[in-house]
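For reference, chains read A, B, C and D in written order, and residue numbers begin at 1 within each chain.
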Amino acid sequence: MRYILKKIGIFVLTIFAISILVFLAFQIIPGDPTTRMLGTQATPEKIAALRAQLGLDRPVLVRYFDWLGNFLRGNYGESYSYNMPVHELLSGKLRITASLTLLSFLMVLLISFPLGILLARFAHSWFDRVMMVLNQIVMSIPSFFTGILFTYVFGLILKFFTPTNFVEYADDHAGFWAYLVFPALSIALPKAAMVIKLLRGSMVRELSEDYVRTAYSRGNSRWQVLKGHVMRNAMVPVVTFLAVTLVDIIAGSIIIEQVFNIPGMGRLLMTSINGRDLPVVQTIIMIIALVVITVNYIADISYKYIDPRIRFR
Amino acid sequence: MKKLKNSHRAPNYNLIWGCVITSIMVLMIVVSFFWTPFNPDAMSYAEKDLAPGGAHLLGTDNFGRDIFSRVMEGAGTTLSIAFCAVAIGASFGTVIGGLTGYFGGAWDEFIMRINDAVTAFPSILLALVIVTITGSGRTNIIFILGILFIPSFARVVRGEFAKQRQMDYVKNAKLMGVKPGRIMFVHILPNIAPVLLSAVAIGFNNAVLAEASMSYLGVGVSQTEAVSLGRMLLDSQAYWMTSPWQALSAGCAISILILGFALISEGLGTRPMWRPTTKRRRKQHA
Amino acid sequence: MLDVKNLTVTFNDDHPAEAVRGINLHMEDGETLGLVGESGSGKTVTAMTIAGLLANDSAEINGEVIFDGRDLLHCSCSEMRLVQGKDIGVIFQEPMTSLDPLMRIGHQIEETVRLHFKLKPEERRSMALEVMRLVGLPEPDLTYKKYPHQLSGGQRQRAMIAAAFINHPKLLILDEPTTALDVTVQAQILDVFRRLNEKCGVSLLFISHDLRVVRRVCKKVAVMYNGEIVEYGDTEDIFTNPQHEYTKQLIAAVSAGRRTHV
Amino acid sequence: MRKTRKITALLLAVLMLTAALGGCTGGKSAETASPSASAAVSAAPVQGGELTVGIAQDLDDSIDPHKMVSAGTREVLFNVFEGLLKPDTAGEMQPAVASDCKINDTGDVFTFTLRDGVKFHNGNPVTTKDVIYSLKRAAGLDTGTPLINGFDEVKSVEAPDDKTVVVTLKKPDIEFKAMFTAAIIPDGNDPTKETIGTGPFKFASRSPQQNVVLEKFDGYWGTPAHVDKVTYKIIDNAETLVMSLKSGSVNLVAHLTSAQVKELGSDFTVVDGTMNLVQALYLNNKVAPFDNVKVRQALCYAIDRQNIMDMLSNGKGAAVGSSMYPNFKKYYRADLADVYKPDVEKAKSLLAEAGYPNGFTMDVTVPSNYQPHVDTAAVIAEQFKKIGVTVNIKNVDWGTWLSEVYSGRNYQSTVIGVDAASLTARAMLERFVSTSTSNFTNFSDPEYDKLYAEAAAATDEAKQVELYKQLEEILTKDAANVYIQDMCDYVAMGQGVQGYEFYPLYVMDMSKVYFTNKTAA
């Protein structure tokens, strides 16, 4: 209980610190939302009028606490660029990025677990050796390069999908997911390679542990030993890494959204920073921070669930 | 069964290949300081979009610039940024991690909390956000990446220092009245060198990836400030159909750089993992 | 019951050496046999070969291991598994690491049943509790739910014994079962073995480098040296009248060790 | 080698000239990328179909036609909103919502007669009330802040009867006629909440960073559009624009570069015109060394416009020598483009005279999201090396560019394209008046200021044109900036799409685009 309270305390503090940092950052950086909004048509009077309209003429602290109060009440403000409420603007983007992230994460799991276990089972065989070299190479190709290669090979040459033809979920469920397959795979491949390496290594290490011999002595078959004992032990380092991976995938999706022209949260974030669209930037960063911290928190808990040695410490 | 396990030591292929690949790249970069086949910036209308082969080993780009020369220089830019960023991250990280790990206490707790909060976020994401705020450019990127790398180095070093602090040789040194600063940097530091080196290799790996990603997103090294591999990849993407060699050269160069460092960190990292140095040392002192 | 005939084990990977050369052993039901020797003498290899725990790819095994009329060396993996845990139980040296750290004690003890018999969970549980009582684990109901790291070394070894004995095997192979424990616990564990042998009639193949320990449990003893059996007979006979030079050294070492302990 | 290049350059220059002359008529040379596609050129329009257009910029400034500032927004909303007047492809003001426009002799009262049967997209007819609301809103007569720059010249807007609107200006200004392209919206309407205009297309929906959808307006007063629906797909990555054309996910993309066109291959109809802007290396005339006219002239001699066009657009585009683009034929002076011919020796001697015999180092600030300008800066950097000038290119994002360079005037030089917000010479030339708020180059010349005041107040159009042409010459002779070109603008259309027409403004008229066969839709 104390542990949870402490966690929540840190959680709230972190979020609070991040929100202040973002807010302050926008005070320092050159470029004002109004200059961007008015562009070359800016005149001093127009700027003054717009600043008053957006409430930018008030002191920073007043604006910050105003924003914080609204944020806590669930009012995220209105986008400067799009004249629409931030939550309306974001809900669609959030769904796209969340789908991409989760699909990619699912792929990481689906690729890495079977392969990792298989390679651990046949560790040091020629199959294992070849696969591990391949694995190391895949790990070294940045996801955006993979994305470009996929676009070229599967999009333009083989025509498995139409590059840049993103489909809205509401318009076509299957089309939406189909379009996300290659972007998700681009992010997933290097991450899956890392998980494979870690899982295989962890399992090989566990396989040389004494309890494995005990398990054999009880009449377990090789697969039973892997499934019943080694897997769970090997998972301990992997779980933490999976949390890191999930968070990395969120970051990766921002880059991949650019490559595949997916109108997700990452692209909105980049353009909003460029456009100094503070309400949008603030909200997106808050969302990412929340997700990141929650994921780490879940990893922490599942880590404890898996390893009783930590749970009972 | 442990006794019966194969105990022969295979050569550390990861380390060997990692060093070979990285050496080739570094050699290429060093050569590029003095000589490149062509001036990497020289434009030529007559030699636009030439395919690989002939005088231009990897062909030319849409400005008629020699791609191989540009890859040489671009790898240098990428690597020099990585080098500076890692240098910043490693030096500050070692000092912070060393102090907190060695002395422990409330400061340790506090700094590690901050560390945890920062490392929880993917550094590329943070770098992207910060760079759009501070503006792009080589110097900015070096500092942003350098600062973002500090926590991860601090964490590694802190863990090692905390472990080494318990060792007999440190306790002996303390009893003999050696000053903490000397213990930390003369006695302990050499002992954690393998771990630190491995972290440095991982740092290079991440720095190359981060720089390439940022330049690819157009917020990294500017197009004309210096040739950068990520930027080359971005610029060349438009010419996929007519001259795919542009994008392929840049992308492959990035991948090879990363592969080299990944293999080195792998090679350095596996040894201590399999045969903890702590065990051996404990025996020596017993 | 157990007949080991001319067993030879050769490791052929990087340093071809015969770990065990032409060993012969014989055990009747309920018999207790000690296998003594220094480390590297081949006693553990012998035991692991009998238990079928030697990885085939690293070792070449010749000879016969007849258990209940079947040659275990010619059994397939799946046939061997029917014997492992059901008819032959093994207890290892390191109770600290030989238990799965992430599995509850009760579940580890039950696993041996689960792998060989189709029983309901409650039945398995009551079997486990019974055997835990038998090996002297305190508060079986509580211990059942605990994890290995929550137990002391002695308790862990008792748990190992419980897991190995739950199916009432004919043979228990004990690979230095008390070496890692301190002396008082050692005595208690040895008592457990003796009780199991006397009350339940299980045969014990006791591997140890410590003749003194073997003497407390085993009626017969085989002394191994450099992969061969150099002396084989009644424990008391060998103690009082050692024939081989190596046996004499072993006995001398034991008495010297005792002196330092006092 | 050098010789052949010179000859090609000469040939290209000649071609360029004809292209520029061709441009004067408003009709552009239609070029088909392959012989096979040329068969389709004369195919007859088929009504209907859904068109998907790729655009690089989202409409993220405002979809309020009075508040929009970016050219990218203007070119889309051109299809939705109309003013009392509307430009045609030749740049002439044609009556739109008004059927007639009269200017009094003193040049300060404009009288409009409303056209019969003009309807808003919501079905309501346009009344004088709507016109008065719209014009007053743009002029900020009620709020005090004009929404459209220059509209504060309006003194009053009145309706003597329900068919006539009279606009009175504070001072005579015959050029103000071009300002009446300002959108007419329904009385009391807020366009960001409800987007209603009178144009050939009505606003259907938008999804930020994804698309803007327009639908054909059946009640349009003029020639109705051919296609039923236009979806503008936002593809902010120039690289993926080409890919989207190739993959067929869009039918039409404008503002392509020659390299992108080359990338497309043969299945597309490509027409080219110019972008109607003046791309230049704009210099901050107030900071050293650019406060020295000799330095500025030296830079003008140092650049090779043809080489820039070769590099960036295979030689296409139109070299310019002053702040006026060729399609603005009324004011354009072609002779000014040839005042400074590439001459490295001359440039060097001018630099030496100015006290920089060994050159100097200069910063060029470029907005990183406009690739052609960034590329141009890179080529200029190479060219300036020859005269010992080292160029340091600073990439900044658009927001920073606006605040640092444009409004802050805190820069040395920048490469950018300046276009005309309205079809007036003033839109191009007013910014060089020393007191102008948009004078981001800090150009200052008393003679220029005097002549400009004269031109603005002129009530005789011929005289006004003559004065504006003189102003252009001053900019050239003073080497206010290193003028480069009006950039080549390629428009690529997928199979079966025809009818794109160029305007002397940065707009895309979708009502004229059509499919030649329905299957293509």
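Odds and ends about this structure:
The rule is simple: a contact is a pair of C-beta atoms (placed from the backbone, for glycine too) under 8 Å apart; a residue touches a chain by one contact, two chains touch by 3 or more.
Since we're looking at a predicted model, the values are computed, not measured.
Chains A-D form the pair with the most C-beta pairs in contact. Taking the mean of each chain's C-alpha atoms, the chain whose centre lies closest to the overall C-alpha mean is A.
Computed from the mean C-alpha positions, the centre of subunit A lies at a distance of 51 Å from the centre of subunit C. For the pair subunit C and subunit D, the distance between C-alpha centroids works out to 91 Å. One simple way to say how far apart two chains are is to compare their mean CA positions; for subunit A and subunit B this gives 22 Å. Centre-to-centre separation between subunit A and subunit D, using Cα means, comes to 41 Å. Each of residues 53 in subunit C touches at least two other chains.
Counting partner chains per residue, subunit A has residues 29-30, 151, 156, 210, 213, 258, 274 touching two or more of them. For subunit D, the set of residues that touch two or more other chains comprises 243, 246, 369, 397, 400. The residues of subunit B lying in touch with subunit D in their complex are 41-43, 45-46, 62-63, 132, 135-137, 218-219, 222-225, 234, 237-242. Contacts from subunit A toward subunit C in the complex involve residues 209-211, 213-221, 224, 228-229, 232-233, 236, 306-309, 312.
Those residues of subunit D that touch subunit B in the complex are listed here as 1, 5, 238-239, 242-243, 246, 259-260, 262-265, 307, 310-311, 368-369, 374-375, 377-379, 381-382, 391-397, 400. Within the complex formed with subunit B, the subunit A residues making contact are 10, 14, 17, 25-26, 28-30, 136-137, 139-142, 144-145, 148-149, 151-152, 156, 205, 208, 210, 212-213, 247-248, 250-252, 254-255, 258, 269-270, 273-274, 285, 288-289, 292-293, 296. Those residues of subunit C whose C-beta lies close enough to touch subunit A in the complex are 51, 53, 77-78, 81-86, 88-90, 92, 94, 97-103, 111-112, 115-116, 147, 149-150, 160, 163-164.
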